[in-house]
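The two complexes that follow have subunit A in common; it is paired with subunit B in the first and with subunit C in the second.
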Partner chain A sequence: MNLATIASLSVGQHLYWRTESVAVHGETLITSWFILGVLGIVSILGNGNLKSIPEGLQNVTEFALEFVRDIAKTQIGEEEHKEWVPFIGTIFLFIFVSNWSGALLPWRVLELPNGELGAPTNDINTTAALALLTSIAYFYAGISKKGISYFKRYVEPAPFLLPINVLEDFTKPLSLCFRLFGNILADELVVGVLLLLVPLLVPVPLMLLGLFTSAIQALVFATLAGAYIGESLEDHH
Partner chain B sequence: MNPLIAAASVVAAGLAVGLGSIGPGIGQGTAAGYAVEGIARQPEAEGKIRGALLLSFAFMESLTIYGLVVALALIFANPFAS
Partner chain C sequence: METALMRGSSLSVRCVRRYARSGRSSVRAQAQATSSNKAARDGVVERVRSKVVLASKTVGVQLMLALPALAEEAEKEPGKLFDFDLTLPIMAAQFLVLMVFLDKTWFSPVGKVLDDRDENLRNILSGVQDNSGDVQKMEDEAAKVVSDARTAAANLIASEKKAAQDAGDEKLASLKKKLDAQYEAASAALVKEEEGARKALEPEIEKLAKQIVEKVA
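Up next is the complex of A and B:
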């Protein structure tokens, strides 16, 4: 097999699946479905037959649940975190498994007519969707708890801060989206460029660094989602 | 592509990453320095300090990444290329 085909760089190249009015990015959908499948299978295998003393995969799923619950508890608070654990857990697990699948699985061995397979999070549409979901979640959290008085926070602590508070609602999803997308794409680009220069051994430390930053980015995204939800749930007195 | 736009885009992409990494570089240096100071003063708190340091590193690094996203957009998805 030609090493250059593994190391080729194609940013902004996509495998388009067209219907009459829309074109979707095929490679992102393939990898997203793969990751949803992996997560589903692991949770069915791990939790299909629950035991009070966990064994095998149930250990893994319980560890994941406890980890996510800790994130939610520290960000949202003791009383209200329970109903947000599923949301934050979904976001964390999807991003984490996507990032690591992009860094660990040799997706590029499978050839596509256009574009290449990789982590779904290296497509800005995936991260934008996740960021918008986070926005919707914290609006829902605030409005369902406080009703219309949720919007009072736009004129707090002083009314002249209204424009900045409104702007914040746009910068939050934008920065979430760009942070995740940029980090994952930067990792893949750095590894790809080094693979072009030296195909053996030299990129390995950077791949390990990539694994580390991918995990941290998943943690950061989940932490921030929790922090935003917690912020809109907290009471001002 | 208009050669002037191509040249300007490449220069701007370089500047976006280069200038964008100055601030986070200074910030990460300061944060790491204080973290080391904290560990030296209180070695038993090393785990907590490391956790907070890594999380804040990720936030600082994302500032550089914004510059990188702009640079990538200029090079691979230039809106003025048509």
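Up next is the complex of A and C:
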């Protein structure tokens, strides 16, 4: 195999799986299945035999859960955060493992007919799906708690802010979606370009920065999802 | 915070667009260049390849092979960054499945373990915090046990003493009775003997008295 294929750069190339009318991005789905598999295996191995004094992988799963609970508790509040832990936790774990798999695993060694394997989060479909689910989640949270009076918040603190409040419902998923997509794609592009130019040592600091960014983006997405849900749950006076 | 984040996100969007545009334009430029003189390009590629082989043999830097890779890149269809299709709902469905699965196998059971441990520790801690009462109670109990033991011992000593006294007294009394009886018997025997002796001596005394009287007379 030619080593250069690791260093090649493709922007916006996808491995299309087509039926007559629809197409999907094969490379995104393949890596997302890998992520799902990894999370499932970790969950089954770590939580298969739970003990009150944790051993081995249970330490990791407990730490992850405590971390996620902490995010949910600070964003949503002590009383109502429990039922949102699965949503926020899954967002965090999925994005975190996706980003790090993109940054750590040499996906590009596996050659595809078109496009290249990478983090599922460098496809805008993934980030848009997560952002839309977050929107649905905070609408669901607010309406299930307050009923129709949830929509009162659009005219608060003053009725003339209505357009801005409505606009917010669009900017929230947009910003979530593009923040994650842009950061991950930009990171992979920067590393890819540097690998093309200087294949040795020079990209390493940027790869480390990429690891850092990836973790931060997972945290930011989970925190903002929690903040939006907490915002629609909080009582207005 | 919100505005800062939004600004950050719009910045990143702009960056992404710029990347996309620059990437696309360079790709297009190369595509044009390659289509115009393909034969010349092949020659260039050949020459570069031979040079690169030489370089990799001498220096060992393989990755200059990236140049032909870029040329291959130019023949692909132009990339689409914002290409929404059925991948989106599939990803959403996968996410929901993952959420349910992780909730069943991770968040709920591990959360229960954490909560149980928390409660357990809290119970133990609260038990330790008000153990001054326990200590007082234990001290009282100890004092009571000691005093109980002391009275029991005193009672035991007294009763034993009494029993020993009684037994001694009884023994003494029976011994005395026995001695008394012996004494009685001995003194009775002595009296009897004396009587016997006196009776035995009577005729002798009479005889002596008669003799004395005869002599005197």
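To be clear about the criterion, the second predicted complex is superposed on the first by the 236 of 237 C-alpha atoms of A that agree within 3 Å, B and C clash if a C-alpha of one lies under 4 Å from a C-alpha of the other, contacts with A are read in each partner's own complex, and residues count from 1 in each chain.
Here is the rule we use: contacts are C-beta pairs under 8 Å (C-beta built on N, C-alpha and C of every residue); 3 or more make two chains touch, one makes a residue touch a chain.
Quick caveat: nothing in here was measured; it's all calculated off a predicted structure.
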- request: Go through the superposed model and pick first if A:His25 touches only subunit B, second if only subunit C, both, or neither.
  value: second
Task: Could you look at A:Thr223 and tell me whether it touches subunit B, subunit C, both or neither (first, second, both, neither)?
output: first
Task: Please indicate which partner A:Pro205 is in contact with in the superposed arrangement: first for subunit B, second for subunit C, both, or neither.
output: neither
- request: Please indicate which partner A:Leu93 is in contact with in the superposed arrangement: first for subunit B, second for subunit C, both, or neither.
  value: second
Message: Taking the superposition on A as described, I'd like to know which of subunit B and subunit C A:Leu196 touches: first, second, both or neither.
response: second
Task: Could you tell me if A:Gly56 is touching subunit B, subunit C, both of them or neither one (first, second, both, neither)?
output: neither
- request: In the overlay, answer first, second, both or neither for which of subunit B and subunit C A:Gly37 touches.
  value: neither
Field: Partner, of subunit C and subunit B, that touches more residues belonging to subunit A
entry: C
Statement: Overlap of subunit B and subunit C contacts on subunit A, residues 11-12, 175, 178-179, 181-183, 185-186
- request: Would you tell me which residues of subunit A are touching subunit C in their complex?
  value: 2-5, 7-14, 22-25, 28-29, 32-33, 36, 39-40, 43-44, 46-47, 50-52, 54, 58, 61-62, 65-66, 68-69, 85-87, 89-90, 93-94, 114, 120, 123-126, 128-130, 132-133, 171, 174-175, 178-179, 181-183, 185-186, 189, 195-196, 199-200, 224
- prompt: Which positions of subunit A touch subunit B when the two form their complex?
  reply: 11-12, 175, 178-179, 181-183, 185-186, 213, 216-217, 219-220, 223
- prompt: Any idea which subunit B residues touch subunit A in the complex?
  reply: 54-55, 58-59, 61-62, 65-66, 68-69, 72, 76-77
- line: The residues of subunit C that touch subunit A in their complex are 5-6, 8-10, 12-13, 15-16, 19-20, 23-24, 27, 61-63, 65-66, 68-70, 72-73, 76-92, 94-103, 105-107, 109-111, 113-114, 116-117, 120
